[in-house]
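Notes to accompany the following structure.
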Amino acid sequence: MSFHQKEIRLPAYRRGFHIVTDTIVGHLPELKTIEVGFLQVFIKHTSASLTINENCDPTVRGDFERHFNLLFPEDAQHYQHDYEGSDDMPAHLKSSTLGCQVMIPITKGRLNLGTWQGIYLCEHRNHDTGRTLVLTLMS
Amino acid sequence: MSFHQKEIRLPAYRRGFHIVTDTIVGHLPELKTIEVGFLQVFIKHTSASLTINENCDPTVRGDFERHFNLLFPEDAQHYQHDYEGSDDMPAHLKSSTLGCQVMIPITKGRLNLGTWQGIYLCEHRNHDTGRTLVLTLMS
Amino acid sequence: MSFHQKEIRLPAYRRGFHIVTDTIVGHLPELKTIEVGFLQVFIKHTSASLTINENCDPTVRGDFERHFNLLFPEDAQHYQHDYEGSDDMPAHLKSSTLGCQVMIPITKGRLNLGTWQGIYLCEHRNHDTGRTLVLTLMS
């Protein structure tokens, strides 16, 4: 058993849902050598999140943004935490609903994702400057 | 430390929430030999999901189906991804809300679940032909 | 690779979202000795949950309670599971939406959380008597 861990900084993404699978794998040349194990990707923020979903049609990611905006609207009357901007409290709620980590099985040197699965970075703030991820390989 | 991994294919389940704890454990005779560790169950799809919830009363699973259908309705006007059927985009949204994996501690040869906890397969499509899971034991 | 696992019992918390990071770390003196690894916290219940979110302003936790109560209301007409109290079915739904576990990377003897991240115990019942957690360190 061994761990291999690194922190990376993603550049700023605009608000919305973005596929980052290749970016993450690009930081992990060690992945190829792992017969069986896990990759965990952990985001060190509470107003962005990580999830796994459809890796092909961009309208899926657009619909995610539109639908999560309806479920977690800005400026709801019951929000008391409002001094960091209208997009802040919805961002916290979205973050816990989607989650701050993904844990993906590794099989024969590759992420064992389904054909249509990709890793999404979900940016819930309007203007962020980038996000820090902890990547941990376990084998 | 060791890993034991296998892929299994679940038969088609009808749309809804289904308890699959015993099915999964039935594929893992190795579980009994593990003193401390984890089981991860990962679903290789973006329109079905896995979660842990109440393992006894079927009305709980029915209420899950009914309530998630309200939160993620079919044919919403803001959906642009509509060419795979009315049940498709809601399925993607439900999948990321509930998640594509569960990670369960193992203690003395058993899944260390609470008395009322079971693993749900959440089938969000109307007509699917079965689902592939990656089961990974870590010990 | 080694595992260190223990079960702890949290005292009863009132319904709502509560930061428990220090309580959990207080049970894990072994954490300091781990160079790289993971902590998993798993809750053995289906009407409470665990998530990671903002660790500073209590109004965030209040807004979580208020907003999740809107998304998962009590006494909805479509609930058939109603004999355990008005707060029961919403509790199950919230539990699967937020999740029953958090898995946090460990780096140099500390949980590698972001500056603003803390572990929330999310108590979804009105009157509970306490909750059991399984803490597992992997290194």
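For clarity, chains are labelled A, B and C in written order, and residue numbers in each chain start from 1.
Operating definition for what follows: contacts are C-beta pairs under 8 Å (C-beta built on N, C-alpha and C of every residue); 3 or more make two chains touch, one makes a residue touch a chain.
Each chain and its UniProt protein: A, B, C = Secondary thiamine-phosphate synthase enzyme YjbQ.
None of these values were measured; they are calculated from a predicted model.
Q: To bring subunit B onto subunit C by a C-alpha fit, how many degrees must it turn, rounded to the nearest 5?
A: The best-fit rotation has an angle of 120 degrees.
Q: Shared interface numbers for subunit A and subunit B above half of all numbers used, same, or below, different?
A: Answer different: the two copies use largely distinct residue numbers here.
Q: Provide the C-alpha centroid distance between subunit A and subunit B, rounded to the nearest whole angstrom.
A: Going by mean C-alpha positions, subunit A sits 20 Å from subunit B.
Q: Two or more other chains touching the same residue: where does that happen in subunit A?
A: Residue numbers touching two or more other chains: 1, 71, 97, 99, 103, 138.
Q: Could you list, by residue number, the parts of subunit B that touch subunit A in their complex?
A: 1-3, 5, 40, 42-46, 71-72, 76, 78-81, 89, 92-93, 95-97, 99-101, 103, 132, 134, 136, 138
Q: Which positions of subunit B touch subunit C when the two form their complex?
A: Answer in residue numbers: 1, 36-38, 51-54, 57, 59-60, 62-64, 66-67, 70-71, 97-99, 102-105, 107, 112-117, 120, 138-139.
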